[in-house]
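Letters A, B, C, D, E and F mark the chains in the order given here, with residues in each chain numbered from 1 onward.
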Amino acid sequence: MVATARLVVVSAHAADFVWRSGGAIARCAADGGEVTVLCLTFGERGESAALWKSEGATLESVKAAREDGSRTAAETLGARIEFFDAGDYPLRETPELLDALVARFRALRPTLLLTHSARDPYNLDHALTHEMVLRARMVAQADGLPDRSTPPLGATQVMAFEPHQPEQCGFVPDNLLDITPVMDRKRIAMKAMDGAQGHLVDYYAELAVRRGVQARRNGAPSSVTHAEAFQQVFPTVADRLW
Amino acid sequence: MVATARLVVVSAHAADFVWRSGGAIARCAADGGEVTVLCLTFGERGESAALWKSEGATLESVKAAREDGSRTAAETLGARIEFFDAGDYPLRETPELLDALVARFRALRPTLLLTHSARDPYNLDHALTHEMVLRARMVAQADGLPDRSTPPLGATQVMAFEPHQPEQCGFVPDNLLDITPVMDRKRIAMKAMDGAQGHLVDYYAELAVRRGVQARRNGAPSSVTHAEAFQQVFPTVADRLW
Amino acid sequence: MVATARLVVVSAHAADFVWRSGGAIARCAADGGEVTVLCLTFGERGESAALWKSEGATLESVKAAREDGSRTAAETLGARIEFFDAGDYPLRETPELLDALVARFRALRPTLLLTHSARDPYNLDHALTHEMVLRARMVAQADGLPDRSTPPLGATQVMAFEPHQPEQCGFVPDNLLDITPVMDRKRIAMKAMDGAQGHLVDYYAELAVRRGVQARRNGAPSSVTHAEAFQQVFPTVADRLW
Amino acid sequence: MVATARLVVVSAHAADFVWRSGGAIARCAADGGEVTVLCLTFGERGESAALWKSEGATLESVKAAREDGSRTAAETLGARIEFFDAGDYPLRETPELLDALVARFRALRPTLLLTHSARDPYNLDHALTHEMVLRARMVAQADGLPDRSTPPLGATQVMAFEPHQPEQCGFVPDNLLDITPVMDRKRIAMKAMDGAQGHLVDYYAELAVRRGVQARRNGAPSSVTHAEAFQQVFPTVADRLW
Amino acid sequence: MVATARLVVVSAHAADFVWRSGGAIARCAADGGEVTVLCLTFGERGESAALWKSEGATLESVKAAREDGSRTAAETLGARIEFFDAGDYPLRETPELLDALVARFRALRPTLLLTHSARDPYNLDHALTHEMVLRARMVAQADGLPDRSTPPLGATQVMAFEPHQPEQCGFVPDNLLDITPVMDRKRIAMKAMDGAQGHLVDYYAELAVRRGVQARRNGAPSSVTHAEAFQQVFPTVADRLW
Amino acid sequence: MVATARLVVVSAHAADFVWRSGGAIARCAADGGEVTVLCLTFGERGESAALWKSEGATLESVKAAREDGSRTAAETLGARIEFFDAGDYPLRETPELLDALVARFRALRPTLLLTHSARDPYNLDHALTHEMVLRARMVAQADGLPDRSTPPLGATQVMAFEPHQPEQCGFVPDNLLDITPVMDRKRIAMKAMDGAQGHLVDYYAELAVRRGVQARRNGAPSSVTHAEAFQQVFPTVADRLW
């Protein structure tokens, strides 16, 4: 028997979690798990090109539009979502932001953390998010934090979801997750982000097919047609390998 | 429900499978899986120092002693064992040896292949065994082999077990297998190899404790006291990550 | 002014050159270059699953079908093709095969060599082909070969084309070639391989779109819609970088 | 036809751009390109040992001497130069410094960015400069910056010039630039830095010869006698490879 | 003849230097060297689980207990110890902390610096300490620091001691130090840390045995029974290799 | 006190040992060590361009000239030399060649083995030589070889000398050997190879200066003006690090 899954996804910008792990989120939720998306920024400056083309766009209007889209996407996928509004391009690590992450990790007690890859020369907000997740995880494990209302976090696994140009980021998939049963849902969620980054919907839909082909090349049954790729940071503890 | 596991372990020398994957073998067998060890050589020249110290030792007597020990160890662990007697230090790849591996892979239809790591500057027999396993796996997948009595092999996962000096071999564990329930059995099996390499029993018993500590550091419950480390060659296809 | 290009593509199996570098071939030919494909095997045993399903298939009939397809594909792309019939799954390096490659390299005098990536745990024929190309290039540079009819080869660049699962093969693209003008031709050529590996046509057509998107993400104008990825073995000598 | 080149070189200290990319700068300028050097610090604390030996040296006098030398060097090479006076040993990233870089990138619209390598255990100012260039490039691509007077930057390539001890920095040249036509100019420019780091002139003159030999070993004609080495961060988009 | 050794060990938390380099410290001291431990934090928040279980534990009481233990351990090993009380989980780099390190490096003039490994995904305080040591070393080499009372530091070697899970940290030992003569002393020193992290004493005692076995596998005489592993950051300058 | 050094250098071609380790050889010999060069081939086909330009050159005449030069160079450096005449471009590993190496390793009992680097995409003879040295070392350690006249070899360290284009070969120096006292001797030895590869004398003389500068940058006293770079395969066992 497997205990209730608590998946926490840390997303640098408002849409990253959709493109890169929408399938994992939907699948976990469909399996009865609790999924929370922690969205550090709205991607308001750097990942909202389409919105900035509207007349009269302001930082606030762009943020609001992004928040709407992300909320709809998260809902579609079956996840709760929280926004930290930490400011993007560049994202900066502050003690307050780190403390906030620590507090959420201790309260949510994730059984798995999903976030960006360790390296991304195209997007340093992504790499910083990865580093902050590792740092917040470490701090959350400490016994001596001022707030004693939550016990220390255990040794939660962290996995990176797929960056836009994986080879340039040192991303090597070691887990291919079958998202066939929830692909429709992912597609709908992606469309909720349309206003800002519509051109990515097809790109990531095709990527799911591609990863699905590869899943079959790595032993999945032929019913697996769509997949998402992940790379674990820590070793997996297993009861069986075979 | 999980189908019957068929674990195939390819061991360069007669004792490697015991030190490095005895726990995995015993655990798989205890769980009802079928385990077969394919032993390419007896380690008769290079890994039988103690035996060569007996008066009157000959290649044949050393091989026989090693075969005895390995057979006992395999039995203890719950595995069948086959010897290829391909000659060690150095092991050489011949078309015949490869064909024999291919034939066994197609007949045994493993759900997991365990073998040595891809690199080992101390022991090139180990690295060659890894390469031969990959090559035999590839050939076994071909549709056009002369022998049509067995269908092509599927995309079986291959995992490397731990080399003697892991950091020097580029070995990074990504799977820590809990072998607590079968550690006693592994210890007995290791003792069966005593005549040739007795000094390794304590070394590998302590290693299991060390990997057990690390397993707990990576999220295992406190009941996990012994573990073995593995590194997968291919991505794992998963239904859940969390 | 740029001298006449002479592109030589070394393909382990009969179709690899089509999927992985069909665009480069067609583009080079369209630009007036001479392209020669050196096909080491027909992929008759390992990459002709569909053909083996026909009743009465024999090694010879499969080879013949593959040769036909490859010839048509090469013609479509604008390349000459030569078959070495060296035997696949596994491909083996023999002195004769190496000598034959050396002789062709010296006669053809390539300005660029394209071949498989250095590593491919799924397909060791590919990795061996890479190694043989490097070895044949080295030997072809020697002054003291018995055959003095051709002068030593210069320091020809070697580039790897994209393996099927690039991240698992350590493949990191450092060159994205715009194949937009010849994509139709590549699609036709891929279809010529249909009988054996039809499922790959869509996979590689989509891959070209994906690499095209990435090309634009790396500075290509919006007219670039399809691309192929390559990884150079040696440094490029340049007159300008900017 | 190639559009006007706009080369922007980001140098951690006042002389780095001369030793490491003086040839590229001079060659680009000689070809009609516009070159701008952005000098983050004068190297006043850490790379001006000779100047500190003069009696009465102060931080201001050292900075002034370094500025003089750098200006002369830049002029000799055909480049404009700007000083940020951000303080060295250690260089620190501030929001203001990053904003200043972003503003210059958007105004200058480089077709190529040259800077330090990603790693340098000897000199963390260099590694930080690399990281800041990537971050500033990313921010400069954002649509939503407060300053709308300049449009977002495109996907400009970034290349690392050669660190002092390349192997220790993970620097692997993938581009060898022929600087033969401008080597005399580079030598003159290097001499302008004499006061502070005179011992490096010979070192880098010899390095140019060494890279020139290697260029010929990688296919350059025998007329290429001097070269500089570079490592690209992103894939190159190409119209031809052969 | 060898000059007096001055070993400086920079430890992120109060006990790291004991587990990871207690043998090196004791051996250096026993050989007549001067050893100074620079302890950046007490590990009061993150590495004092046992102490926090005592009733009435406060940050101050935990720090005091850790300081006591570390002082005793350092004394046992023959080292002086200094505490920076910079705050752990997370450790933060401030200009003041860096300046303090620089000042100590210039005053102590180490012939070797020991510290944490460059990467540690489990513990980012460790990785940051490594980076700060490299940065402080660089700054300490500068001629132009305000404080002229100490001359610039030379090119001191830096070595990383062993992290808790070496393979996950990219730690590859290139030096195995024989600590057989001082193992008893290390064991006593480790016990001084008992209150906070008692479970680690056995773990690291066994690790010393394991590294001792490996030392013999790499050429040490059979009298070497215990060792510690280190990884150098810079090349060693040698008078003989053989 | 240090026991007599026995340095064994395994050189793929007749001149490699001179360019790449002439200083180490001369220094070891000057210190009273015994040095033996094992030359696998004469480099007769691939590294004798100048000799092949003489009228009437034959394989035998080229070999003889190369043997002469190598013998003179070895003598100059203070080493004995043995030729295996195994055939170059390509070098092939045969059981006989490996057995011969094993026999020499057991008879010579090296305290250090020097050879080529593990990778060299320009020259696969070099990479194969590295692999054969590791394999021969392993076999020489076996207790059960037919020839009992020599005892098994111990765990001899292996170091790679510098390839022609180090960064392309993954060569990272971890040992810089001071060859200042014997640089004149190395220069003379290099000149003995003049007939075949004269252009390399200056290249490698300058390289020694370059590595000397780097040695000083890594802590060598200013008297060190010339150095050679090496990369160890196995960890060093040490009595002191500081």
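One rule holds for everything that comes next: a residue touches a chain if its C-beta (ideal position, glycine included) is under 8 Å from a C-beta of that chain, and two chains touch if they have at least 3 such contacts.
Composition by chain, UniProt nomenclature: A, B, C, D, E, F = PIG-L deacetylase family protein.
None of these values were measured; they are calculated from a predicted model.
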| item | value |
| --- | --- |
| Smallest number of contact steps required from chain A to reach chain C | 1 |
| Any chain in contact with chain B as well as chain D | A, C, E, F |
| Most distant chain from chain A, judged by the mean position of its C-alpha atoms | F |
| Cα superposition of chain D on its sequence copy chain F - rotation in ° rounded to nearest 5 | 180 |
| Chain centre separation (chain B, chain E; CA means) in Å | 37 |
| Multi-chain contact residues (two or more partners), chain E | 122, 168, 173, 214, 217, 234-235 |
| Pairwise touch network: line, ring, star, complete, or other | other |
| Chain-chain contacts as defined at top | A-B, A-C, A-D, A-E, B-C, B-E, B-F, C-D, C-F, D-E, D-F, E-F |
| Contact footprint of chain C on chain B as seen in their complex | 95, 98, 131, 134-135, 138-139, 141-145, 152, 158, 233-235 |
| Residues on chain B engaged by chain F in the complex (per definition of touch) | 44-46, 48-49, 52, 59, 62, 88-90, 92, 121-125, 168 |
| Chain F-facing residues of chain D, complex | 122, 164-168, 171-173, 203, 206-207, 209-210, 213-214, 217 |
| Complex interface listing, chain F residues touching chain E | 2, 5-7, 24, 27-28, 31, 33, 111-112, 154-157, 159, 173-178, 214-220, 224, 227, 229-230, 232, 234-242 |
